[in-house]
């Protein structure tokens, strides 16, 4: 019964996130990294249909064979998929059709979940819910991108939007040299990339108990941070020049004042606010300017119990690589994490748009170093 | 009063063309050449607001300053415009907002048209209506592209769709050498590119009284027309290879049978039907395979009184260039035609989706030689 | 014997054009439109080997089968070719190997030409010589590009370089309305695109007896010609902005003074000199700024006997299209002209680097409208 | 005196590597990653002129100010540089000019080295020699690419080419869990990225004492390794499909037999030979197919004393990141390593074309995961 309740809660939350949208907002894909909200609604539903109902639910008949083609994401195992850049070109299925698809699958899932289930199937359901929670976070980031790149700068909502709590008094925490244990070691759910609890040896380091603020980052901008190559990785510097980057994503200078796009539309920048929407390149350049550095993901995990986190995904200096003993699961589920372990950087923590209960100290998020549309931030180390 | 009635009729027809669409269909832009239907609705409205109401209607206040930014097309005179590839990324203004904008402008225009108007203003209104009729044709072509490139192949409408009449018994008409007059020479409306009535000297030629059928073109395909470079322009051959072109747009071979996307969805190809949706390159290659050629636009105009036309826009062997004495109008209106007079080929005639009363024997349409989403066809000459 | 002498003269002239080069200059290809001089040497030789020695010379054995692969240009008939962008990556065959190839083929050709030859074969030899003369002009243009885009700006030669004669007193010549005959009508050699002598009807026009000078064009620049979209075709305006064009090719503003790269290296611009190295877009924009236009190729040919020409290839307002009755020759030779008859503009005249005896009043050159590395100029009409 | 001798030896070796080349081979740049040999000759010379002679040698006058522009590589500190893709377009300075530049700088350096030198200057000289040895290796890899991508497949040399020694009897070496020390800890030269000797904690692992052979890799190919996405990273799979990769670089299947390009031209593949020229993606996919993995760079360093290495640069599963306490040197020299620490994978060992004395157990090489023109190989771990 707990699982049915969890299922309903998670599925319902996805709908609530979309509630402030107009039909048109569900359809567009302004850049390749963003998916239309309609697609998230369909894809998370397709997951349950494909990995649970089809193989395990007796008498279940597939809702629409074409939807498999439309809502598959990157699971090569499952067959031909819609080229990712084409998602924003699909006006059909319409939003109402996708919602009907959700209702159909939800009803079938609820019947299915009332039956006795094997451990393996329960694990798959929980994976599906965690998968949907990941897409809830992506929904927020994609919706912000869609509305924030519209010349009318429409507000998402004056009330429904996530809020970030205040921060602590800044201090550098000192962590002593030695052996630390890294990786998940509890009984609940975690992703496969967190498994393989293992020892690492860390040198002595210090790490900030707070995240960088808008004010601190503005100082970097005004000190010429974006026009001095010395602070940047070579690829970061190319990225700055090729894309004429001069500020974080969503920041605009209007009549000499810094504005940024928020859930309430275009607003003056709050200097005390926690910096958001910067790339790994920017995070590393800012740290270099401060004559500090980003922590590794191991340093972060070893110290995280001593500071507040959860407002921003925090860039680390660690590339996304397998833990010792990492083994890919067989079949399509095995495509989940391992195949992305190259050319991406690890983010630790969680963000203002992470679903409740979806964050863990061992959680490993990962993105390419130039991406900024996630709710990313900076914690400094030395 | 005639002008008010014309205005209402034309404006209403645009809405009717869109009536079978779902909200989502108004938003997407699958390729750069296609504009979202929502944009056509706004842009045709923006034309009347910008070129008539703003300069000439007393007390008119602009509906929304941002709309000028969003709905300008290519008029450099009027200020910054939305980059063309971005049109499909705009979920706002929503369809209902655009319709409200139309209603606002329509009401203001109807008030305005009841006043006494100068010749110049009346000419601008008529230009605006002809401009909107051009966009009505583009609406049909763009809607067909949007629905026809969706993996679900939704029908536009089982009843509302345009129909093409039957064709005549094929014959080659002979036209004798001599001087012919080319260009518009009547009192009604025409575009500036048709003006400059002038003499041309034509050699003797023959021209078909019918358009090429699907059956004839299928023979070209099955004879290996797409794999023999000899029939093709060098750039056409590159286009065939780079895009792996093997059939007209919207054609699919399913289990050995030719299907094509139509207003009623995916349907078996009618062999007797008039060929549609081919590029200039394909038209020229087909003609070369037939050991014939396309007519020039002058040959077409000199002979057109002797055959039925109007089902397809017909590719000619003429590049789009100014007539003798062509002069660009001053200001933004002057951007209408002259600036496109390079790298495009002339099409003559009209098509099944041309608005009633919008075709003339002197009408000059023009597109880049690789484009196929218009309702293009082939008439052979020798 | 005349043919042998002509053969030797033309072949020798190609070598002389390259004489001032260093070995390294023969190899590079700075842009796709430019071919390495080494390639021109090989390709013109390959023409005689492929179209004359192989099919017609008894006992001739091919010099090196791989050279067919390397030195074919765009003749699809003859087999796989080196992708055009790869030409500048080929360090082998070395220059000395290509010269040996030339000597081998020249010796075989001279033996071959001493035999009695059919009309058809003699026509092919003459075509080969005209083909080589075209490549002599391209050699000059490509050498200028290679040296003129080197940061050291090396001189080609202080003595060997082509010179341009002085110009006439400017005047507008008046040509009266009526029928004119266009196309080649003599007994010597011409290209297939000049054939099909035919009547055209021209309206009354005036045409300048001189070409535009550097001084006149500098006035256009200083009047803001490159920053006012009104003078430009839409595609020309995109080209200006995307490529940040602000002056003709090879022009540089150094300490407020206009310099340009010449055969003698970087030199101050001569205000009286004839303008060179502008695109069709620039030519048309300059004409629009002058409230004039470019002549059509028919207007040019009808008037050319009345003015001096030959210093610059002159852009016309005519697209490159077939004359009435144009028929492609069968086989590879037929690929020579017809397949380029789309998206290119006609140039008339000749230039300072055209080979002696290679110019005719009916000669039709053609290039894409954005290209500037040819010795192009502007003659105005109205 | 030792330093002068070392200087002469290293500088002379660069010339010897180029000895088998023709002048034309010095000029071309077939892909952006490859530099023309002429450029390597100039750039290594520029290093000594810029970082030693200019700042420290009394009365030294710069050889040619333009050379600074041409031969700078990626040192943003030093001023505008030639865009990297343009290197292959530069026919001047000619090879003989570059050799004269080398002689000039060598003579000045030898005079300079006879004077008493500070520790700091001696360190810079030694850095310059190590820098030149790195370019010696790149010269070999770039020369192989230039000749191996020429359709004539010219041999580099029948005698002068590097040779690879035979391998050992295969075995898996077992390394026990615990703390290991990583990084350089000797008195000689090392690069800054090797410094920061530090402890790491390794889990138990096994590592092969031999490198993968051509035969073993051919089995992967024939088992369909390149057409099964399961073995590949997502980006690796995209790379395989977009570039139609089906075998290592330089491999060609001719009449059913595997050939590969070698220093002696195109030769049958030796099944016992050590596999070479594979990307990180291929290395990781091969390991996955074997149900093994690549070692981390720490596992490699901890075990390397127990096996023979030096024939191939060996891909590791480690991303190129700073060691604890890594600090960039100030000024241009500081650009050497740190700014590349993103999106690259570490290679350990050395290769058949590494300069004598240039390899160390702590040496960290690094390349982007798709690159194959280095002499890369695979060592498996578990």
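A, B, C and D label the chains in the order they appear, each numbered from 1.
Here is the rule we go by: a contact is a pair of C-beta atoms (placed from the backbone, for glycine too) under 8 Å apart; a residue touches a chain by one contact, two chains touch by 3 or more.
This is a predicted model, so every value here is computed, not measured.
Q: Report back the single chain whose CA centre is most distant from the CA centre of subunit D.
A: So the chain farthest away from subunit D turns out to be B.
Q: Express in whole angstrom the distance between the two chain centres, defined as the mean CA positions of subunit A and subunit C.
A: Chain centres of subunit A and subunit C, defined by C-alpha means, are spaced 57 Å apart.
Q: Starting from the mean Cα coordinates of subunit A and subunit D, work out the distance between those two points in Å.
A: A distance of 37 Å separates the two centres.
Q: Once you find the CA centre of subunit C and the CA centre of subunit D, what distance in Å lies between them?
A: Result: the chain centres lie 44 Å from each other.
Q: Make each chain a node and each touching pair an edge, then name the shape: line, ring, star, complete, other.
A: Topology of touching chains reads as a ring, each chain with two neighbours.
Q: According to the definition of touch, which chains form touching pairs?
A: According to the stated criterion, the contacting chain pairs are A-B, A-D, B-C, C-D.
Q: Can you tell me which positions in subunit A touch subunit B when the two form their complex?
A: That would be residues 22-30, 38, 66, 69-70, 82, 86, 88-95, 146-147, 149-152, 154 of subunit A.
Q: Which residues of subunit A touch subunit D in the complex?
A: Answer in residue numbers: 74, 76-77, 179, 198-201, 203, 205, 229-230, 232-237, 280-281, 284, 293, 317-319, 321-322, 324-325, 339-343, 345, 369.
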